[in-house]
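In structure tokens below, several structures.
Two complexes come next, and they have one chain in common, chain A, joined by chain B in the first and chain C in the second.
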Partner chain A sequence: MDWTLTIGLVVSAAAALTMALAVTVIKVVHGEVMRWRGVRTAHYIAAVGEMVSRRLLPASPPRSWAHDTYFHDVLSDYRLLLTGADREFIDRLATETGVHAVLVARCDARWLQARRLRALSSLVDLADERHVGDLRRYLGDSNRHVRINAVRGLARLGDKVSIEPILDLAAQSRSWEAARMADALAEMGSVAVEPICHWIAAAVARDEAPGVVALAARILGLIGDPEAEATLISLLESDRPDWRLAASSALEHTGGDAAVAPLLTALDDPAWSVRARAAVALGALADSSVGPSLALLLTDRVWWVRQNAAEALVGLPGGTDILLDTLDSPDRFAVDAALNQLTLSGLLGEASERVAHGSATARDQRLVEKAAGRV
Partner chain B sequence: MNTFLTGFSWLVLGYFLALQVILLLLAIVSGIVLYRDRMVERFARVEDMLASDLAPPVSIVVPAYNEAAGIVEAIRSMGMVSYPRFEIVVANDGSTDATLSLLIEAFELVPVPYPLRANIPTAPIRQVYKSRLPIRLTVVDKENGGRADALNAAINAARYPYVLATDADVIIDGSALVHAMRLVAEDRDRTVGVGGNVRPINGCRVRHGHLVDASVPATMVERYQLLEYLRSFIASRPAWSSMNCLPLLSGAFGVFRRDVVVDVGGYTSGHFGEDMDLTMRVHRYLRARKVDYRMVYSPSAIVWTEVPPTRAVLRRQRIRWHRGLMTAVRDFRSSFFNPRHGPVGMISWPVMVVFEYLAPIVEFLGYIVVPVAMLAGAVSPINAIGLYLIAVFAGAFNSLIAILLDERFGYFNNPRETLKLMAVVFVENLGLRQMTVWWRIRAMMGGKATQVWGDMERRGVTQMAS
Partner chain C sequence: MARILVADDSPTVRLLVRRHLESDGHDVVEASDGTTAYDLGANEDFDLAILDQLMPGMLGLDILHRWRGEGIELPVLLLSAVNDDATVVQSLSLGAFDYVRKPFSVPELKARLASHLPR
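Take a look at the complex of A and B:
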């Protein structure tokens, strides 16, 4: 065997056997580390649980606690689980043990991103008003995970001042980050409505960030506060289809009587998605007076619009009568949409049972006969 | 003659070394991608998407043919997937067993006048059913047309803009969909497809449609396949994904944008590798239109599937897979080293053709020519054995990297399980590998076509409890 071959053989054998040894060692060490983490966490859970139940803070808590990520995790979990005085006790325990200072110091570090992010996750759960400044600072961080978590923290603390900068930040972010920021703002609830409406008005005036305007409208829909109605109606009357779509979706949850007229106008919108969403919103908001307008949509050229109109009619007083009348329509697409909803709502099934038991009304008979020809 | 034999022996060695170098590079890049994915999983608030109204809705499309053994449990298991907005569309492909009646009974299905959009032509539809239970389930009953045809029918009936194509005999991990759709939400304008991480379920314990304990399978054939899956899904695909040149989104878990699937004409009926065919057609279609797009892989989107437990079933599967690859190589020959097809044409497809399609030919000839060269005195036996051992050790090194990278998922916690798997790394070259090479050569030699509905005997994976 020549030298090159011998060297190749020795090197490849050594590499494979070393790797086999490394895999075995890493597997064993990883298992032991996981076990050690479990034991450590269990000890903290027991200790903190004992302190909470006795309302006793340690006279001089070991300094190591403040630096231990498992202690931070346990405090975060307890804070999320507990309420009232118990939660306040956890906040005091975090302050007394000096956890906040350690977490902020770790978040400010420029190295070990995983350790940094882990500290920030805990800070988001444990922070109080004193840390608003730190969290606002992290909105400008170069790491996107840091920015998302900072938004969560500010939203948890209900920091109204940060809402407009967060929406500005969302305008510069990728869709995933913007969506997570939107979720966080939605969790703030009604307190966020006024700043969001103000930001939308300014963005519309400046003709900036159209995508985030639509996202902000959806946040208003998720919050569901009637205070947002005027802003959403103004978006519904804009010339951008994505804004009109977001506004019609949001009005389903936030709209009142004032929203009905603009939504009825939106049933004639050139964008089919706006017509479809407006139908759903009217089904949720309006009374039987909108039935004839929705009935017209049953002959719309777009499948989704017909289906949504039929679904909205099922939930409307007198809507099922309109769907039954539609079964005589010469438009087969309208008949299909009506019959589909009558089947899915269970009305066809109930009518069939009454026909089978001989207790059917003329209406039941008509429905079953019409369905027999189609299903 | 001796010169030829010597030259060919060196060619085989060069080929094998090149393969191992490529695999090593892929494993290194995959390791970096897996680390980043782990960071995102821990800190990017992926779980927030579960409660978000902003999550893109998905239709899970499931083709079913004679799946009575496990269809109800499988659909129940899919219905428990953690995701805010999804529906399940099952296409019953003219099953001759009780698949449809079991579905009707279990999910209180009622026939509906559902006007199907025939975006993709399929075999005739008999009836569409919807569930009256609080589960968004649509069942399309159709004439038999094969797996691809059933998938197309289900895609026609899908309501949502994204479709997850999967099988009726898999278990989708609870968080798989949210992890896959995170990649869509991250870059919604560009993402047209997301592949999932397919893992063998053989040897694992399953209860009520959920995996409760992952173990290394009992037989050597199954362990060998587990190792193959790790090499492919853990140590290769993350790297291909990072270069946006995935040649395949697995049929067991592939999320596609519905409009793109419709635009390329859906799955190709009768194709033995319909998932690779669709992935490559999507690449070709979007490249031709100069669309800025990406098809990516999510290692955290885990789906469990049963792999052939015996050599006989494995043989049928491998012959079918290789015929699918042969058809794809023929159909996409224009992509081979084609710069207009981007990184797919210049990197992944040439690698696929040279090191996947041609591998059995080179290896098979190596097993014949090298012994002949030894007998003819063109290569010394010591050198030949030395070369073979280098090949074995280099392959083992790459396989061990795959096992190491798999540690990121935390399965097989008992080190004894890992040792079982590590043993396969070294013994796979003593027969198992040669066996699969021979089956692939058989596939190339032609013969009777295998069935398009797969080769597995349905046992119902959701009821597995080994």
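Take a look at the complex of A and C:
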């Protein structure tokens, strides 16, 4: 008998058995922990739901609740789900149970970053005006995720004073961080417009942070408040193509009568992306007087510009007639843009159906005949 | 009182709506996914259904579409975080009697339900 082989086999079998046992224990423990978490969350959901439906605060809530992340999660859930008096009740419950103090203490801790971030995420949802100072302090944190969450919290609370420091911070941040901050500021809505416009004016005057100026213009477009129109027009008239592009895009949502003339000028912009966005913005303003100018863009050398101009014309009063007339153009690229948009918008299909059913108008007939001649 | 189906993948929503409806004396049946909600509505009698739009298994609008296609005229209220007008219009045109956006106010939800519940 080879004893070495026997010992080797025994050791291998023992090792395999030990491994299997360890894996089983880990799986059982993990399953129990997950079950325990689920039970605790369900307990909080039921307890808080009961309190909300009865509008009754607990006389002496257990201190452990304020320290339990699952309780924080459930409060956040309810707060995001409810409005009005029910939401105010959740705010009172958070205050009465002392959750805010625990969250701020955890955010202030310098270690266990995952725990800090989880606490901050709950604080963003549950904070009130008393925590604006804390959140402003976190804008200077060394952890970028903390800074981004602080911006989210300040934006949720509508803290206008923080907007300019946030844009300054965005100017020193990586582009994805700045974009996340911009998304948060856009959520603030119209209250953010005046400070953003003020910051843009100052940054342009100082010739600083050009990338964030364009980002700020995009925020103004997302908010869509006409108060931003003058600022955006000034950017549209700047000598920087990225500012002109951001401004023309934003004017699609914020522009009024005053934006028409600068946008018409932008149709001749040397940057094709600005021409393309200006066409879209003019289409959104639905001013029929811009039809002839958009028609000229159907012969632009860039495909996107032609398509955007044709799409804008579809939505304009009289724009379809311009596209129909374009089908007779000697410029095959213009004809392609017009025909493509007449098809995509469904106008050609509808006209074809009416022709097939004998209910076509003269215009339908003309459209179908012209399209057939071009296909 | 009424028998109401509450279908939402969030236990928080289900429990909250259940608590409020039960306190008004209604009988509530919960479904945590679209497939279960569809089966319950197709095979059991309810006076009203509250459907979430985004659920695992089947979307609220798909459930509504299939029920209507099978002749099930159960009154439906969509309760959803989906906030675009197209979804609202589509749900109303498919025969939902109302669409409530999350976040929502419980008193408002109950007021919207009241006119469709048996007295």
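The rule we apply is simple: the second predicted complex is superposed on the first by the 341 of 375 C-alpha atoms of A that agree within 3 Å, B and C clash if a C-alpha of one lies under 4 Å from a C-alpha of the other, contacts with A are read in each partner's own complex, and residues count from 1 in each chain.
In this text, a contact is a pair of C-beta atoms (placed from the backbone, for glycine too) under 8 Å apart; a residue touches a chain by one contact, two chains touch by 3 or more.
This structure is a prediction, so every number in the text was calculated from the model and none was measured.
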item: Partner chain(s) touched by A:G31 [first = chain B, second = chain C, both, neither]; value: first
item: Which superposed partner A:R218 touches (first chain B, second chain C, both, neither); value: first
item: Contacts of A:A261 with chain B and chain C, given as first, second, both or neither; value: neither
item: Which of chain B and chain C A:G49 touches, first, second, both or neither; value: second
item: First, second, both or neither for A:R174, with chain B first and chain C second; value: first
item: Partner chain(s) touched by A:R87 [first = chain B, second = chain C, both, neither]; value: second
item: Dominant contact partner of chain A by residue count, chain C or chain B; value: B
item: Shared chain A surface residues [contacts with chain B and with chain C]; value: none
item: Chain A - residues contacting chain B, complex; value: 1-2, 5-6, 8-9, 12-13, 15-16, 19-20, 22-24, 26-28, 30-31, 34, 113-114, 117-118, 120-121, 144-145, 148-149, 152, 174-176, 179-180, 182-184, 215, 218, 221-222, 303, 333, 335-336, 339-340, 343-344, 346, 348-349, 371, 374-375
item: Residue numbers on chain A that touch chain C, as the complex places them; value: 42, 45-46, 49-50, 52-53, 74, 77-78, 80-87
item: Residues of chain C defined as touching chain A within the complex; value: 10-13, 15-16, 19-20, 23, 102-108
item: Residues on chain B engaged by chain A in the complex (per definition of touch); value: 39-40, 42-45, 48-49, 51-54, 110-115, 117, 130, 132, 182, 185-189, 380, 382-383, 386-387, 389-390, 393-394, 396-397, 400-401, 403-404, 407, 410, 413-415, 418-419, 422, 425
